[in-house]
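In the two complexes that follow, chain A is the common piece, with chain B as its partner first and chain C second.
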Partner chain A sequence: MWKAIIYKEWKKTKWFNIGIWMVAILLLTYIFMKIGRSFRFVGMEHLWDVVVNRDQFLFRNLKYFPIAAGIIFGLSQFVPEVIEKRIKLTLHLPLPKHRAILIMIAYGLILLTITFTIHILTTIVFVQLYFPKEIIISMIFTIVPWYISGLVAYSFIAMISLEPTWKRRIFNIILMVLTLDLFYISDFPGAYRFNIYLVILISIYVMPFVFLSVNRFKKGIQD
Partner chain B sequence: MENIIECKNLTHYYGDRRIYENLNFKIPKGRILGLLGKNGTGKTTTINILNGFLKPSGGKCLMFGEDSGNLSPETKQKVGLLIEGHVQYSFMNIIEIEKFYSAFYPKWKKEAYYGLMDLLKIDPKQKISTMSCGQRSQVALGLILAQDPELLILDDFSMGLDPGYRMLFVDYLNEYVRTENKTVFVTSHIIQDMERLIDDCLILDYGHIILQKPVDELLNTFRRYRFKCDSHEPLLSITDLLHPATIKGETEVYTFLEKNKLELLLKENNISIENLIEDKLSLEEAFIGLTGKY
Partner chain C sequence: MKIINYTIIILSTLILAWVVPMLYHLGVDKASKSNFIYYSSIEKDFCSVSYDKAKNKNIRKNINTDKEYSKTEFDSILPLYFHRQLSSEGKLPDSINGVFISPKLLRQKQLFFRNKPTNKNRPHIQLFTLFESMSGRVRLELPGDFFRLDNNIEFINPETNTVKKEKSEMFMNAFIKKGFTFPAKGVFGNPSVLKSYDEGYFIIDNKDQIFHLKMVNGTPFFRNTNMPIGIKPQFISVVEPNDKSFYAFVFDCDNKVYIISTTNYNFTEVPCPEYDINRDNLSIMANMLYWNISVTSTKGKTVFALDATNKVVVDSITIKSKSVKNNLTKYIFPFTIKLESYNTKYVKPSIKPGNYYAFMLNFFFMILYVGVNKFRKKEIKIISIIWVVITGIFGLIPSIVFNKA
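And now, the complex of A and B:
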């Protein structure tokens, strides 16, 4: 049965998923070409000076990709469930309580995690060709919160989409914006070195929020 | 007889607005019950409560003996649900949606679905979102037939359908439920369709049930009388006479009384009439007679 739910989710999100992958590839290609071009034009020494002494970060273009990917993927998956209240069909499937929603959320989070992990690993593989371990670790502590924010945004979009009332939906949007702001406090290299656990904790904390919306829908709460 | 659905003291309010209070009804196994009511009387509310999409303000509904707010997967497998507007996963095509649902129902009858789909004469790879309302209704019905549920809940099945598709839907459904001894709970705006389908009717007015009885019994006992009289005003105070009105000099009333009893009643109330005519009613006319035109 879980395979059938995955099949349904894939039908909704296939083209959005392909789109996210294409943007991911184009974005990395652009960044790698830009850095390679800098190597050739200003030289390795100057680039090193910029990165090490002036704390410049070469991967700022990655900043909003994960959050955009999380929001778009979430919308592509949950908006079709909300149109004409199709979520009723999903909730009527003969599965234990919340199982269908759990599989849907797991599908989205796993697919996004795979995409983001490959993206981060590819970046690391490229960076380790030119920079030492310290710089790589610093870079990881900067970009990982951005990617986690993509997962958090996805969880919030699921919650917001399935919420049955507009008043609470708007409140949830404000909550999402304020929470996501925590992931963009600073893009100084290694800025999240000492509070990365907090960032991970937030992402786990918000995952079950979608069930609040589902329970409210099942109670028949309306505007 | 075993009751498939049982609602006890069902009460629901949207904010301060009362939909109904202490609603009680049962649907025995193998019966087809039509829920009739004007807009806003709580038909869809009742369907939502039955399927666990709405928590009632009071009372409870049991389906196969389980609380409708917390149905087990085994019970959900026995319930075929048609949502108002024949809503389905419209991002799928005919083949994909059959493949999807077949995974959830052990008694899945693929041939019942494709038998109905063959009548549509459309490309099996056409997405449901690009189909007409009539075609979508057949897809939704085909999926329910393939599921082979013991109980069918159909919310306003005739919504948006032209007469041809309405007839196709009713004929197909009628044959299926009678052959397979299924229990059906159905609502529809178009009462002519219901007359051809249902065994029992439950007529809702704002806040309460007017009656629940077999359609045959209703149509054999409920009548409209037309006659000439000076004014219908005195009729308004007689409780056995429903919705008296005078149209173009002719007065009409609806009642369960037989002709001779009506004459006696009018005589007792000193109301003189002429040209008394008794009309047999269709279900739609009986519905109007019970609920009023307005």
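And now, the complex of A and C:
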């Protein structure tokens, strides 16, 4: 049964997924070309100098990609379920309680995690050709909160979409916006270095929120 | 499902404890009244420039006598600060207090130094630019490599991203020869090509000794400063002043400030008002005759005037800060969460408890919670009552909004 659910999810989100991958590739190509241009114009030493001594961050363009990916992917997966009331069918499948939703959420989170991991690893593979480990570590500590915000955004979108009442949905949106703000407090390279665990903890903390919405949906709560 | 609902209430409460005080401060905070304080070599007293809102102009006055000065008069009682202006008007005296002065000498002895907490508390990529100190060129040039200092010293060529083995070995030998204990606790320099000369880096080793590293004609210049026993350095600011009289300021764990002299690396304590490098701002305005040491903290501003020759305090003044911040937060909120601070570039959560009144107010919010739920004919939960009593308004809002699981 779980294979069928995953197939259904894939059919539903395929083009959005491909779209996200395309944007991911184009974004990295753009960033690499931009950095390549700087290499040719000012040389590597100058580039290292601005990164090390003037706190410039070369990968700022990555900032909103993960959160946008998380929101778009979440909407593509859950909005059709709600608009076309397909979720009712899913919830009545002969599976243990919440198993179907769990598979759907796991599908989304795993796919996004794979996409983000490949994106980060590709960036690292490129960066390690031209920059030393110190700059790579600083880069990782700067971009990881942005990527985790993509997973958090996805979890919230699932929660908001499946919530049966508009009143609660609005409060959930407010909670999502404020929670996501935690990942964008500072742009300073390496600012989250000592609190990266907190960022990871938040992403795990919000994952079960969707089950409350599902439960309220099943109960048919109207207010 | 109740547990998930409670986790949502907890998250919402904590986020409100962060967002609401932040919005409050965005709405009501005003800039604190700043005033520049100078020590006048003519009046032998502290003078200040501050903006008077009522008169809509800068007021220049002697702080102790309250005598006000015009702009021109102010220049003339502070010739060591405004010597360029006086010089252009032909009003610069030949001597002050019997000491001969000239524009060249004044420029040479002038120093402006500021240290704020974020200079220390910030993420820094542990790579360093070591300039050639005796290149024979007027302008400093990038050296073509960066060094790292972990358990050894390595120079990396940025064009190839590879280690320069020969140079690394040459410098490593100098480190071993001088008894440097790896790994380094801190590497401090001033890697800017805009400065007039280079004194390299001051490095704290694992035994809290300070070493001086420079590159002279492509070879290492590495010395132990033989710092006096009892100083435990936590931060160094390399200054490279025009008169080359000293190398750097050393801030130790007892909040004392020292200068490392260019004569045999002598350490001299600089008398300084109570200063916490992690919270306060330090500014030093030095000239031929006096050093103005100013520490600005939440309590106010304290300024010491030191004799430039022997660094003895000749005068001091403290101006307590008037609380321009409307500090209602501690009366309303039982606690507030801060994730950013003026004292650090790191994102760092900190919780500040409110005072007794805020906790009293929590009982009012608890009654409000009961009243609202009774009115709405909703379930009144004991656990929510306890949560509102502890967290006040921050817990009240989510407890009402997310009442039903």
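Note that the second predicted complex is superposed on the first by the 221 of 223 C-alpha atoms of A that agree within 3 Å, B and C clash if a C-alpha of one lies under 4 Å from a C-alpha of the other, contacts with A are read in each partner's own complex, and residues count from 1 in each chain.
The working rule: a residue touches a chain if its C-beta (ideal position, glycine included) is under 8 Å from a C-beta of that chain, and two chains touch if they have at least 3 such contacts.
Please read all numbers here as calculations on a predicted model, not as lab measurements.
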Fit-or-clash call for chain B and chain C when the two complexes are aligned on chain A: fit
Chain B versus chain C as contact partner of A:Phe131, first or second or both or neither: second
First, second, both or neither for A:Ala4, with chain B first and chain C second: first
Of chain C and chain B, partner touching more chain A residues: C
First, second, both or neither for A:Leu212, with chain B first and chain C second: second
Which of chain B and chain C A:Asp49 touches, first, second, both or neither: second
Three-chain overlay, vertex chain A: chain B-chain C angle, C-alpha, nearest 10 degrees: 140
Partner chain in contact with A:Phe188 - chain B first, chain C second, else both or neither: second
Superposed arrangement (fit on chain A Cα atoms) - minimum chain B/chain C Cα distance in Å: 11
Chain A residues within the chain C interface of the complex: 43-49, 51-53, 129-132, 134-135, 138, 141, 168, 171, 175, 178-179, 181-182, 185-186, 188-195, 198, 205-206, 208-209, 211-212, 215-216, 221
Of all residues in chain C, those that touch chain A in their complex: 1, 4-5, 7-8, 11-12, 15, 19, 122-123, 125-129, 142, 144, 146, 148, 156, 158-159, 161, 191-192, 339-340, 345-349, 401-402, 404-405
Chain B residues touching chain A - in the complex, by the definition given at the top: 14, 48-49, 51-55, 69-70, 73-74, 76-77, 79, 81, 83, 85, 87-89, 91-92, 96, 99-101, 103-105
Contact footprint of chain B on chain A as seen in their complex: 1, 3-4, 7-8, 11-12, 80, 84-86, 88-89, 91-97, 217-220, 222
